[in-house]
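Below: a set of structures, written as structure tokens.
There are two complexes below, and they share chain A, which is joined by chain B in the first and by chain C in the second.
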Partner chain A sequence: MIKLIYAELFKIASKPRSYLGLLAITVIVGLIHLAMLSDGKNYLDFIFSTFSQTFDISGKILNGNLIAFIILQMLVVQMPLLVAFVTGDIISGESAGGTLRLLAGRPFSRTQIFFAKYIASAVYTAVLILWLGILSLVVGRLLFGDGDMMVLKSDGLTVIRAHDILWRYGIAFLIAFLSLMLIASYSFCISAFADNSITPIVICMATIIIFTIIGTLEIPFFDYVKPFLFTTHMIVWRNIFYQPIDWSEITVSMAIMVAYIVGFTGVAWYHFKTKDILS
Partner chain B sequence: MKIIQINHLVKTFNSFTALSGVSFDVNQGEIYGLLGPNGAGKSTTMRCLLSLITPTAGSIKLFEKELKTNRREILSKVGYLIEKPDFYGYLSAKRNLNLLAAYAGKKISSTRIAEVIEQVGLNGRENDLVKTYSHGMKQRLGLAQVIMHDPELIILDEPNTGLDPLGIIELREFIKQLKQQGKTIILSSHILSEIELIADQMVIINQGKVVLNGSVHDLLHQDDLHVVFELGAVEKATSVIQTSQWLSQLESKTATTMVFNIKQPEIGVLNHFFNENNVQVTGISYRRKLEELYMSMTQNIK
Partner chain C sequence: MKNKYSCLLVLAGILIGQLTLQAQDAKAIVRQTFKNFAPVLDYSCKASFNFDIPGLNIDHIDGTIFYKRPNKFRVRSNGIIFLPKQNPNQILNIIADTLTFLPVWIGKQTVNNTSCDIIQLVPLKDVDIVAAKLYIDAKGYVQQAQITSKENGTANVINTFDATSKYAMPAKSVISFDMKKFKVPKMVAVDINSKSSTVKKDTGKTTGSVSIVFSAYQFNQKIADSVFTEKD
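Here is the complex of A and B:
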């Protein structure tokens, strides 16, 4: 099994498309850093202008911690695309390329092949998150320094002390990883059914866009639906930066995401295990 | 020892029946030809042997063990190439083989990989990306991955497709070498002459059914040919052969042709006989028995 996981990781590492995600993160985060370096103060003045009439905000609010928070919020839409771009191709790409039949007649069970691919996808997702963490938080702190972090909410503002931030980021990145694993599992699931690599990516993105739109529409009818949309729970990482932390909401959202992951993976596994390989 | 035992294999895809009770056995050390028109069920049978497709009914035993319950053990002794040779184009041939070695179920050394690369004639190009390869080179790589783990049973689905004449000859020799090494080989083809040249046994499949199964030698009676003489005057020819030895070998006739069941050296003798008796011969053609057999088996079965 270890050999198979290594082989799948090797395939991911050998494909040029796998580096597009890392490159995209580097470019986006680099541009945000550059923009903040040149005009960050004005940007934050504009953002916090509502509160400047109520509070006296003094000191350096532009720091690496806040930049990392802004980056994480901005990348909520892009990161799933980058993940689906690779994970959506892992089974369907082999099916389309005819290489799936090269593997499926070997002395390993379909289950072993499936989970080797799935674990490799999880590792790739973790690498993306890790890379995002390094660029946004580590490089951000190197460029903009450490300090207290001000977090805007729809109904107010939270200040988190510098010594109280790192562990929150640790959990935030873990939740972000879980969110992206949900996307990876979803695209993986579609990939198990599809015979080309474009379909899973398109379906995955279309789902995220539709669910996000439904999630933002303030129409009472959708209020019944929203708790069941996985996109509703993917942004729960933000709650870790609020005071007090609503752990119950975070736990419920994480449990729902895990349920989705198990569901998508289970469906994909059963289909892959039983499907006829005709390509 | 029976290497393959297929018993009443049935496979349906929704309402379409691809295999309808296919049964045949393959003995150890034989080259077994699977013959049939496109869509006859050859590839489906081979995919069932590799568990790429789950049969709807019937049983498959490989190495005298049920495939369903001994999959890992069985498939570690099988090498295969199904349809066209597809590989990871973004990797070199060597990397492809290294990668597939991980799936082989046994340890394959880099020395062995170098050895098979040389055996199939890809040395010097093994580090080039496969996407730069021609079809023939991909086919060679396909054969390298088939043999790299030294399998006992080799399954080749239409291995001649897309190869030039030289490639076909080389492949034929390669398969013969594998047989000499004691391998059992099952290959499908719609090129009749290839099956005739290399197979010991053959089965003709049509519309998902086995319509003929047996030894190639026995089925062909290779000495006999169906020779068609195109004649200027069939009536005159009929009268001149009435008192000759050729009458017993006359199989059929039309307004312009006479078909004889004769041996190859007799073609010239019969031609000479017609000339001597002033019967103009405008053309001679012959069809091999296998073609006759194939045509009759695949066109008349409903």
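Here is the complex of A and C:
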């Protein structure tokens, strides 16, 4: 099994598209850092203008912690696409290339093949999140320094003291990993059904875009729909930065995400185990 | 008819006389207050801030306050602080500005278990502060102040003094102020997937307060101007 996982990881590492995600994160985070270094103060003045009309705000507002938060928020839509780009291709790509039948003929069970691919996808997702964490938080703190973090909500603002931030980021990145694993599982599931690598990626992207648009629309009708959309629960990492932390909401959302992951993976596994591999 | 005009003139005379006396009394009270503070050219002190502001979730924080005449003011701290635009030193600046504000004595009232004269400061020029009411005790300490400005609405400052209070500087100030409920566009806050806001029906008007406990005052240290311009 370990050998299979290594083999799958090697396959991911040997594909140029696997580096596109890392490259995209590097470019996006680099650009945001550059923009914040040159004009971050004006940007934050605009963002917090509602509050500065009433208050004199003193202290180091522009700091690495806030920049990391802004980056995470901005990448809320893009990161799943980067994950789907690789995980959506992991079974269907081999199916399209004709190597899946070859692999199925080897002395490994289909379950072993399936979970080796799944674990390799999880490792890739973890690498993406880790890279994002290093660039946004570690490099951000090196460039902009430490400091209190202002977290904006549509109905208010929370200030988190500097000593109280790092553990929150630790949990936030774990939840973000879970969220991306949900996307990986979803695209993996579609990949198990598809015979070409484009279909799972496009379906996955379309789903995320549609769900995100519904989540953004302030129409009461969608309030009934939103709890059923997995994108609603994927942004629960934000709640870690609210005061007080609503642990029940976080736990429920995490449980729902785990349920989705198990559901998608179960369907994909069952289909992969029973399907006729013709190519 | 002649008697009627005479009566009106007498009444007007009494009224003007009364107002002049009140203004003189008020001036003496304000002068006494300013006299307490007059030796202070600058000061620094430790300050502990507590916030109770609707829509703003912020923990207690400590810092150092610097003040230098006529109106240089700065808070230095390790974290972010939200202070209402009407800072406590604004009162001292108003009192010191005898050319802009006319003090009028309007009554007496007990504040913090201390009998106080109520002094209304009427602006003589077109300035941001449209009205100020000071509650000054027999020692010349400003126990309470209500300041209304065009830009920032009304702020109410309640001061507490203790045995160590020097130069009429408070040991604690609680600043209450009117504010509108914060509303940030969802796209700016990136607050997606939350419920729509059609169920919220409040007026949005509310009151916030910041309490500041002062300690370790140090006066006339010749604080450099650079302290007030240095970056956070």
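Just so we're on the same page, the second predicted complex is superposed on the first by the 279 of 279 C-alpha atoms of A that agree within 3 Å, B and C clash if a C-alpha of one lies under 4 Å from a C-alpha of the other, contacts with A are read in each partner's own complex, and residues count from 1 in each chain.
The rule we apply is simple: a contact is a pair of C-beta atoms (placed from the backbone, for glycine too) under 8 Å apart; a residue touches a chain by one contact, two chains touch by 3 or more.
Please read these numbers as outputs of a predicted model, since none were measured by experiment.
Aligning the two structures on chain A places chain B and chain C next to each other without any clash. Measured by the number of chain A residues touched, the leading partner among chain B and chain C is C.
Judged by the touch definition given at the top, the superposed model places A:42 against neither chain B nor chain C.
Residue contacts after overlaying the shared chain place A:107 against chain B, while chain C stays out of touching range.
Residue contacts after overlaying the shared chain place A:3 against chain B, while chain C stays out of touching range. By the touch criterion defined above, A:15 lies against chain B but remains apart from chain C after alignment on the C-alpha atoms of chain A. In the superposition on chain A, contact of A:98 is made with chain B only, not with chain C. Contacts of A:161 after superposition on the shared chain: chain C is touched, whereas chain B is not.
In the superposition on chain A, A:150 contacts chain C only, with no contact to chain B. In the superposition on chain A, A:276 makes contact with chain B only, while chain C stays out of contact range. Overlay on chain A (Cα): least separation between chain B and chain C is 40 Å.
Residues of chain A that lie in the contact sets of both chain B and chain C are absent, per the superposition on chain A.
Those residues of chain B that touch chain A in the shared complex are 13, 47, 50-54, 71-76, 78, 80, 82-84, 86-91, 95, 99-100, 102-105, 145. For chain A in complex with chain C, the residues that touch the partner chain are 47, 50-51, 54-61, 73-74, 76, 147-148, 150, 152-159, 161-162, 212, 215-216, 218-220, 222-223, 226, 229, 231-232, 235, 242-243. Interface residues of chain C facing chain A in the complex, by the touch rule stated above, are 54-59, 61, 74-75, 77-85, 87, 152, 177, 179-198, 232.
Only residues 3-4, 6-7, 10-11, 14-16, 97-99, 101-109, 274, 276-278 of chain A touch chain B when the two sit together in their complex.
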